[in-house]
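Below are two complexes that have chain A in common, paired first with chain B and then with chain C.
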Partner chain A sequence: MSVSIALNIAVVLVIINISLGLLIVVTRRLTYLGHAIGVVTSLGLVMSAVKAMFEPPQYVIFVDSAFAFTSLSFRMNALTGFFLLLIGIVGLFASVYGIDYVKEYAGRKDVSLLVAGALVFLATMASVVLAGNVFTFLVSWECMSIVSFLLVIYEHEQEEVRNAGFIYVVMTHIGTVFLTISFLIIARYSDSLSFNLMNTNHMPNVIKTIVFLFALIGLGTKAGLVPFHIWLPRAHPVAPSHVSALMSGVMIKIAMYGFLLIVFEFLKGGPIWWGILVSCIGAITALLGVLHALVQRDQKRMLAYSSIENMGLIFLGLGLSLIFMSLHDPILAAFSLLASLVHAFNHALFKSLLFFGAGAVLSKTHTKNMDRLGGIIRKMPWTACFTLMGALSISAMPPFNGFIGEWMLFQSAFALAMSVHSPWMGIYAVLLVGSLTMTGALVAMAFVRSFGSTFLALPRSEYVESANEVGMLMRIGMAGLAGLCLFIGIFPARWVSMLGNSIREITGMSLKMNPFQFGMNDIARADGRLLLIPVLMTSILALIFLWGILRLVGRRTSAVRMETWACGGTLTPLMTYTASGYSKPVRVTFQQIFRPSRTLQRTEGSEYFPSKFVYFSKVTSFAETYLYHPIIQTVLSMARLVRAIQNGQVQSYLAYLFVTLIVLLILVK
Partner chain B sequence: MIHVLLEILQVIFIIGVSPLIQGIVKRTKAILQGRQGPSVWQPYYDLHKYLNKDEVLSIHASWLFLITPYVVFVTMIAVVAMIPVFITHTLLSFTGQLMLVVYLFGLSRFFTALAGIDTGSSFGAMGSSRDMFVSALAEPVLFITLLAIALPMKTTNLTLITSRAVTGHSPLLSPTFYLAFLAFLILVITETGRIPIDNPDTHLELTMIHEGMILEYSGKRLGLMMWSAWIKQAIMFTLLLDFCFPWGISLVVHGSMLIASFIMVFLKLTVIAIVIAFVEMSYAKIRFFRIPRLLSAAFALSIISILTNFLL
Partner chain C sequence: MLLQVFTIVLIMSTLALLWIKPIGTAIKILSVQSLILGLMAILIAVRTDTPDLYIMGGLTILMKSIGIPWILWYTLKKIGMKRETEKLIGRELSILCGGLILAISYIVTGKLHLSSISLGQQYLPISIAMLLMGLLIMMTHQKAIMQGIGLVVMENGLFLVALVTTYGMPFLVDIGVFLDVFVAVILISMLTYRIDKTFQSTHTENLRRLRG
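Let's look at the complex of A and B:
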């Protein structure tokens, strides 16, 4: 099978998905066929993606139409292969998981619409990545946005869901406007709409800067970068869980693909401040994202904020790569880019896994509020185990895959600190390292908190009582992703070197060698590698050693089971620590950001002997309070000014027309 | 072959000597407080007792609670295998080790924190929340301080850092060193859970952090948790020595050199333990919400240290 066949197959799969999706929407039947096709097409996408990644020469097909502007074109190279692989793998497990998960809605919603939506969503994402010209890209992009919007408002009876959907659709279209403009400017200067013929050599620097900034805003909106992130924590949690997994795991990575396309492939990097801007936004996004994740009570909302944080890390890596490009250090530029790609892929795996876990808990307990959960590890042992693996991966704990990506990002930032001579750039690089590690530690806290309050301790509400383990297919979906997380974490070298081809598409830099063994400039010429397997071996030896010591020193001991000590009282679920309590130190220390407020209201009993309280606590979202609120207020007050001339009388409107006509006549003359 | 043996010996040395370091700290504190205090060997007796005692486990504890002591202990041994003690070579040596060391500490903390929540005890979860929070503030500072030391050495490989520190001219004259050392000292106190951050000798007080998380452990598992904490303490002390006072660490395998460096390392560890005891004695435990201030002081020190490194 050559790459051309792989591309043809991928395009055919996209078409199959879309047409079957439409057929299901029309007939409202065939959901089982939809499930099956979802699994099969995802597998096909994975296979063609792997083909494209191993055989880099790229291939293009055109579907001509009467107007040159609207002709469709698809292309396949190692980079699109990478993103296609990401879509395929997550799509595969999401499709398997979805078969059981959609049963949750059976009876109260039309399941066939959800199945069809997921199919078309997968296909449109694949077609954005496969797009070979501006028209195809933008049309697929818009379809992807609209289909995901429809999926977000699947449970539209709820007010919250409708609001989330509205904000999502508005924000994503603002982003699309900026994206379209930057694409059209590039197309105008290269006299072509085809990606392979894009040429920005004759573009003035000012225009390049405009294209870069517009791309950053447009794609940053989709990627959830601060301050354009406000839609993400609303829209992602309300969608059905396997769709949330696709949105958080895959869709926001498509924005990363767009950024690679415009800024790296078309513009080929730029002045150093581009990189500084991108990495700075990335670092701020990561920190604010994880801080907000830490104070959420809604489990899926917390995961959505954590996606924002991870996109921040990915863009931090992209920014580092841009900095290295402008410093003419192609090896390190390629390495940081590789770090970003690796982290993007890892994030797709573990974030989807965590959304699957949250969905499993949600489907059995019908609540996303972590304060009301607890003790589920005994009711749902498999789900707990897979979620724990996801939590370890996302917290970058060795030997899981999250560590590999963060290790590479860390090494990139360290390399920057080492290779620059200006003290300010050095300090900047060190601060990036600081924000990376602080983010990492806060993520660990966030996931100890979410796992602990959901799965451990005692059940805090009756929601948990009826919970039991989820169906086999949902478990398979989680197990597959969890296994991949562990596998990539233990054997990263082969996998990362496979991505070397994808890097070459953009940077022209061939990283054929194993990136864990290549010398990064002077940092470690001979021994630049990460060896996790020896560490694991050592750990196994240590375990044997420990067993020996216990045999040698200690006798065989027994254990009795007793109630947890509760200062002499009986332990009740109300005494266990809640998720809100867990993040109290964060709320207090970062109160400048959160502005936490709390009110205590007595509802029953006298002033001195109250018998019932109502307690509210609330944190504010930084960007909304300080950026969006003022903007909205300004727009509204301007609208109020305009209202003065809108008095609803026909005479006055006629007068406006008359005045306008006269003004125009004077001007035109 | 002799290398590997020595490297294994290093690991066993740290694991074996870690209770003694704890004993020295405790004994010094007792003397400073005007008490007789337990013998320096007391931690060994404690350990022996714990490992032979039957356990009481909470009925709410899940498998996570049961495996945590083993995960934590094994993680600590994996870290020890990466730390140069009396020779610069280590069992495991590669670029980016620094990050792996810190993240392995993170792994053990992750499991300990979950185990703290698992039994449903409020003390455990409170300690867990506090420990994760303090570590979230301490980790960036720890990294930046390590960077301040690693940047002049141009590597993140611990073996290379230490051997370059040994062979390089004395760092004692550079301000980079002093500032980084101060910051590192604060971090060692934080990471080992000592006054003024946490008090390792307190039980059942609302101020406890690490002891709160392991409150529900008993018997063998408690023994392992305690031992792991002591090993971690020994690792932090050794890292401080490797980076700031690397004199005497042997670069070559040579009989008399080895004996000299062995005695040297032992003496240096004792001195550090006594210094830490003095620090503990001279301060009161600070309020929990004051800890960020102390750590931001360490942060400022390490940033200035890096700046001097670039400017001088």
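Let's look at the complex of A and C:
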């Protein structure tokens, strides 16, 4: 099989998905065929993607049309292959997971629409990545946005969902406007719409900067970078869980692909402040994302904020790569880019896994509020195990995959700190390292909190009572991703070297020739047998050691199982640490950002012997209060001014016309 | 000579539309106006020997003096024959406006240098005035059906402009404009009927509620 066949197969799969999706929407049945095709096409995408990643020469399909502008074109290269692989793998497990998960909606919603939506969503994402010219890219991008919007408002009976959908569709369209402009400017200067012929050599620097900024705004909106992130924590949690996984795991990575395409492939980097800007936004996004994740009570919303945080890390890596490019250090540039790609892939795996876990809990308990959960580990042991694996991965604990990406990001930042460019750059790099460290620590805390309050301790509400383990297919979906997380974490070298072609596609640097200098030799072996042997061995040895000590100690003492001592009182579930309680220190420490407000109201009983309280607590979103509200107010007040002309009366509109006509007739000589 | 008489009838009928009250009469006037216009087209066709204009004249008579009035008449019958027009400004003021428009169109067209061979010099002001008066009708009337009539008057004015300056527009353009007006009138009739059904009146004021 050559790359041309791989591309043809991928395009055919996209077409199959879309047409089957439409067929399901029309007929409202064939749901099982939809599930089956979803699994099969995802597998096909994975296979063609792997093919593309190993065979560097690229291939293009061109579908001519009446106008040059509207012709379709698809292309496949190593970079495309990487993103296609990401779509395929997450899509595969999401399809398997979805077969059981959609049963949750059976009876109260039309399940066939959800199945069709997920199919078309997968296909449009693949089509964005495969696009070979501006028209195909933008059309697929817009389809992807619209289909995901429709999936977000799947449960549109709820007010919250409709609001989320509205904000999503507005933000995504604003983003698309900027993206379209930057694409069209590039196409104008290179006299071609085809990606392979894009050429920005004759572009003035001012125009390049405009293109870069527009691309950053347009794609940053999709990627959820601060301050364009406000739609993400609303829209991602309200979608059905396997769709949330696709959106958080894959769709926001498509924005990363767009960024690589415009800034790295077309513009080929730029002045150093571009990189500083991108990495600075990335660092702020990561910090704000994880801080907000820490104070959420809604499980899926917490995960959505964590996605923002991870996109921040990925863009931090891209920013570092841009800095290295402008410092003419191609090896380090390629390495930071590699770090970003690796982290993007890892994030797709563990974030989808965590969304699957949250969805499993949601489908059995029907609540997303972590304060109401607790003790589910005894009811759903498998789900708990897989979620724990996901949580360990995202907290960058070896031997799981999250460690690799974050470690490489740290290395890139350290490399920048040690490069002798200027002392200011060194200070900036140290600040980046600091923000990475703080993010890492807070992420670990966020997931200790999330896992602990959901799965450990005692059930805090009656929601948990009826919970039981989820179906086999949902468990398979989670197990697959968890297995991949562990596998990549243990054998990262093979995986990282697979990305070599993709990196060469963007930077022209071959990392194989220069296998990981700057002290990475001890961890990254060029022969690709085992990365991380020391770390892995140490952790295994430590585990064995601990186990041995426990055995030794356990043999000498006799264990008596008793209830936990509660100072003589009876133990109630309400005494356990809640998610809100656990994150209290963070709320207090960062109160400048959160501006938390609390009110305690007595509803029953006298002043001295109250019997019932109502407690509200709220944190504000930084960007919304200080950026979006003023903008929206300005726009609205200006609209009110314009509205004076718009009085809804047909006659007055005609009068405007009449007066204009007369004035023009008199004025024109 | 005959052409001059025709144009006088045209402008008088347009002014009459500004004056009269019953909608039924307005439709009849419109029908007569379109008939005159069609006859004018045929007359010019005979003089200049252009075959296209025969067809256009025939079509004008067929559609504008029979088809469109019939549709409007039918709508009027459905919503009740005894409807009168309702205007934002009084009849006297609208006639005055009509006179003002006529003056403006003479002033405006006086600035143009038209070739003396074409009929433009004499008849262009009249046609511009018809166009603007059609717009005035649409502007001042509150009933949806009168807006339809105003539209047809505007189109008549436009047709006259084309007729007297260049002996008609290219055939395709004319046919296109015809179709547009025809569809617009059908739409307005349907809209009138619907508004009447819903609000028991054909006031376009009701459309104000559609404002966001």
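In this text, the second predicted complex is superposed on the first by the 596 of 669 C-alpha atoms of A that agree within 3 Å, B and C clash if a C-alpha of one lies under 4 Å from a C-alpha of the other, contacts with A are read in each partner's own complex, and residues count from 1 in each chain.
By our rule, a contact is a pair of C-beta atoms (placed from the backbone, for glycine too) under 8 Å apart; a residue touches a chain by one contact, two chains touch by 3 or more.
Nothing here was measured: the structure is a model prediction, and the numbers come from that model.
> Once the shared chain is lined up, is A:Ser419 touching chain B (first), chain C (second), both, or neither of them?
A:Ser419 contacts neither chain B nor chain C.
> Could you look at A:Leu665 and tell me whether it touches chain B, chain C, both or neither (first, second, both, neither)?
A:Leu665: touches chain C, not chain B.
> Of the partners chain B and chain C, which touch A:Ser450 in the superposed model: first, second, both, neither?
neither
> More residues of chain A are touched by which partner: chain B or chain C?
B
> If we overlay the two complexes on their shared chain A, which of chain B and chain C does A:Gln651 touch? Say first, second, both or neither.
It touches chain C, and chain B stays clear.
> For chain A, give the residues common to its interface with chain B and its interface with chain C.
Common interface on chain A, chain B vs chain C: nothing in common.
> Going by the contact rule at the top, pick out the chain A residues touching chain B in the complex.
375, 377-378, 388, 392, 395-398, 403, 406-407, 410-411, 414, 417-418, 421-423, 426-427, 430-431, 433-435, 437-438, 440-442, 444-445, 448-449, 451-453, 456-458, 520, 522-524, 527-531, 534-535, 538-539, 542-543, 545-546, 550, 553-555, 557-566, 571, 573, 575-577, 581-586, 588-589
> Across the complex, what residues on chain C touch chain A?
88, 104, 107-108, 111, 128, 132, 135-136, 138-142, 147, 204-205, 207-211
> Mind pulling up the chain A residues that touch chain C in the complex?
Per the stated touch rule, the residues are 646-651, 654-655, 657-658, 661-662, 665-666, 669.
> For the complex, which residues does chain B have touching chain A?
Of all residues in chain B, those touching chain A are 47-48, 51-60, 62, 64, 70, 73-75, 77-78, 81-82, 91-96, 99-100, 102-104, 106-107, 109-110, 113-114, 117-122, 125-126, 128-130, 132-133, 135-144, 147, 150-151, 154-157, 160, 215-216, 219-220, 223-224, 288-289, 292, 299, 303, 306-307, 310-311.
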